[in-house]
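Think of it as A, B, C and D in the order they're written, each chain with its own count starting at 1.
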Amino acid sequence: MDKEKSLKDALEKVNDGMTVMIGGFLGVGTPEAIVDGLVEKGVKDLTVIANDTAFPDKGIGKLIIKKQIKKLIASHIGTNPETGRQMNEGETEVELVPQGTLAESIRAGGAGLGGFLTPVGIGTIVEQGKKKLEVNGKEYLLELPLKADVALLKAKKADRAGNLIYSKSARNFNPMMATAADFVIAEVDEIVEIGEIDPDAVMTPGIYVDMIVRGDK
Amino acid sequence: MDKEKSLKDALEKVNDGMTVMIGGFLGVGTPEAIVDGLVEKGVKDLTVIANDTAFPDKGIGKLIIKKQIKKLIASHIGTNPETGRQMNEGETEVELVPQGTLAESIRAGGAGLGGFLTPVGIGTIVEQGKKKLEVNGKEYLLELPLKADVALLKAKKADRAGNLIYSKSARNFNPMMATAADFVIAEVDEIVEIGEIDPDAVMTPGIYVDMIVRGDK
Amino acid sequence: MDKKQRRELIAKRVAKELKDGDVVNLGIGMPTMVADFIPEDVEVILQSENGFVNLGPAPEPGQEDPDIVNAGAAPVTIKPGGAFFDSAESFAIIRGGHVAATVLGALEVDEKGNLANWMIPGKMVPGMGGAMDLVTGAKRCIVAMEHTAKGGAHKILKECTLPLTGRGVVDLIVTEMGVIEVTDKGLVLKEIGPGFTVEDVQNATGAELIIDENLKEMEV
Amino acid sequence: MDKKQRRELIAKRVAKELKDGDVVNLGIGMPTMVADFIPEDVEVILQSENGFVNLGPAPEPGQEDPDIVNAGAAPVTIKPGGAFFDSAESFAIIRGGHVAATVLGALEVDEKGNLANWMIPGKMVPGMGGAMDLVTGAKRCIVAMEHTAKGGAHKILKECTLPLTGRGVVDLIVTEMGVIEVTDKGLVLKEIGPGFTVEDVQNATGAELIIDENLKEMEV
């Protein structure tokens, strides 16, 4: 089974109104070729789950500028002023989530957990609408799992079975997102044959990955 | 900072009555030299958190045979008949936990979570004494985190800063246990200088590890 | 059929349930035999809950790697394209629905799909290991077992008497006497084992069987 | 003191709080400057919440690696002995108490140790990023900031007015005017900045200060 497909094949999997997870931290570790393809395709009304909206000309920022996102779930939008403007003017719904809670919610979605208890956000507006539980005398928020229709990842290297290796701090949210979507597409710099990646070095097992496409590099 | 110490130094950290996590799956990935040292030292009344009690002459099984364990939290004891005998005759307290719940509880302990919701165990005796919560119409058990005084790990390779690389299926519970104890000791086959391990290949960051000792190999 | 033939028959039939590309976890014992009967043109990825995918066959004698074992501690191999991971990740895969099917033995299974296979109070308490996670998390749970216990005692019941491994988890039961689907209406006999009559199967079963209108000979 | 001198003074003083072997997370902005003042004989391991430990200084121009950036997307380096990991692991480290200290700026901090530094409703809403996790999870939370806002407006208050980043999380406040410890009894002025009187500090503070009986000149 060879999971390499064309960028066109990948773009066909992302359609109007879908919930999409996109890897990356301020654009580092974001599948830029796929994002550019989504901009070109003009897919709209997306719910995007991602750490941030990067910069106006980079990563997820480009989808913001083109107003392709209906709802954003992220931890930080400060580096892309257009996101804040759209939020303040009611053009885009933005749900801000503490970064660790976001990472853990995506992991929980992929791991079949119904939720988790975190002390993060207690005493802040993050509490709003959430159940609070006390365990051993300490208060926690019950945070729920996140899932998506499609996850769009960036990795350095893949084999044809979809095993992934990420590069340095470009790993960030990609491994969790690989587990939490119905269809998982990884944009990679390099594709090698099955057997060329040491099973101990795999960062995301190929069983999570449905499709790999070559990036621009 | 060089974290390499002697086996004697390691054994001094484990004392009567402590809660100890021990890595391994049926003895694979268990720090045998440290376990042998604990047998020789005769430390007793331990609460041991581990996947299983291996075999009578292997891994944690040796601590069972010597009756050094007061309470055991594990997922499986079938390969060591002495554990079952001690449990049935009330000599050793045994708490059986589904394997995935055990792994996740240890992870939660290390990750500062107050607990997590799992569907595993619903409708079984695992439910007993636990809170049940419904999320989106599905029932879950609230499982609580596990922590320990000391964690005893087995890794293939360490650098002097304590960064660890595990070997194949000997990884199992070791990475989670590295995060969930006040003091973490890794028995390793090979110690290399700082800088000799690729930061992308590290499986357990050295910040979790307090001490490394050489195994017999 | 002797015991070996019965077990082979069951393993062969279960193998036909597995589809190309499926991630599958096989329990220790007879379920492990299923791997031997997967057709050449069907690629099934075996998951080993102690921490890897692409579990391969036992190594040649002398080629054993002590760090590559299955969940029963037997030496195995890993096939190209495989990956190792820790136990938290392994059970994230299982609990998260990334395993298409799990095949397990049973002490008892009942018409509600309840499964008991982890303890006999006061006698055998090996622990549940990963079984509770597997039956809860895998998309499909297939029980592979001999139809009755020693002396002909029923194992397929109206209601399990032993402590459960999972509630309402079983999808399919494969024995030497037939293939039984667990449905909302009860147990449906879909296929019948070679040399058995419907009456034989019903007599060996402690719950009422619904006979499928397209009842067939067991395909092996 | 001009702005640059004030910021250096604060960063220098915070650096003295960090102990050999500490894992420390420095916020973007002035807190990042703290790294420049850690004594040679003190080994502090810097954590970068986007996924690594042993954060090193900015690379020489032309040596930037686009895949090694800090939490503000600025090019940095990783020192020998470092390790990369994913965001779930990064925040397991932070939330799990494996970070000895976090150093952050503040919009407001109050005598209960409440901290507000992530939004001004209707104006600036950059998001909390990792700040809520850091102030909750780190063993020690040090606020590093200029004592007052533009025009002398108080930032250290009896009670925060802005939405909180964390409740009761702040342990120490370091400004150019002094070092203030958050205690159960209130804010204790432990050290006073060069050229200031106790009256100056109190006038610039919107909460009552308890003056430590061993009040010292700020050690830098």
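Assume a residue touches a chain if its C-beta (ideal position, glycine included) is under 8 Å from a C-beta of that chain, and two chains touch if they have at least 3 such contacts.
What you see is a predicted model, and the numbers here were worked out from it, not measured in a lab.
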Where subunit A and subunit C overlap in contact partners, by chain label: B
Farthest-lying chain, centroid of Cα atoms versus that of subunit D: C
Selected interface, B-D versus B-C, where C-beta contact pairs are more numerous: B-C
Approximate Å spacing (C-alpha centroids) for the pair subunit A, subunit D: 29
Approximate Å spacing (C-alpha centroids) for the pair subunit B, subunit D: 35
Centroid spacing, where centroids are CA-atom means, of subunit A and subunit B in whole angstrom: 32
Shared interface positions of subunit D, touching two or more other chains: 52, 78, 84-85, 91-92, 94-95, 137
Multi-chain contact sites of subunit A, meaning residues that touch two or more partners: 104, 107, 111-113, 118-119, 166-168, 199-200
Chain-level touch network, classified as line, ring, star, complete or other: other
Chain pairs that touch, as defined at the top of this document: A-B, A-C, A-D, B-C, B-D
Residue ranges of subunit D in contact with subunit A within the complex: 48-52, 65-69, 71-73, 78, 84-88, 90-92, 94-95, 114, 122, 124-133, 136-137, 163-168
Complex contacts: residues of subunit A adjacent to subunit B: 104, 108, 111-119, 133, 135-136, 138, 140, 142, 144, 165-168, 199-201
In the complex with subunit D, residue positions of subunit A that touch it: 25-29, 51-52, 74-79, 84, 87-88, 96, 98-104, 106-107, 118-126, 166-176, 203
Subunit D contact footprint on subunit B (complex, rising order): 1, 107, 109-113, 159-161, 163, 179, 194-195, 199-200, 202, 205-208
Residue numbers on subunit C that touch subunit A, as the complex places them: 21, 23, 43, 45, 47, 52-54, 78, 80-85, 91-98, 137
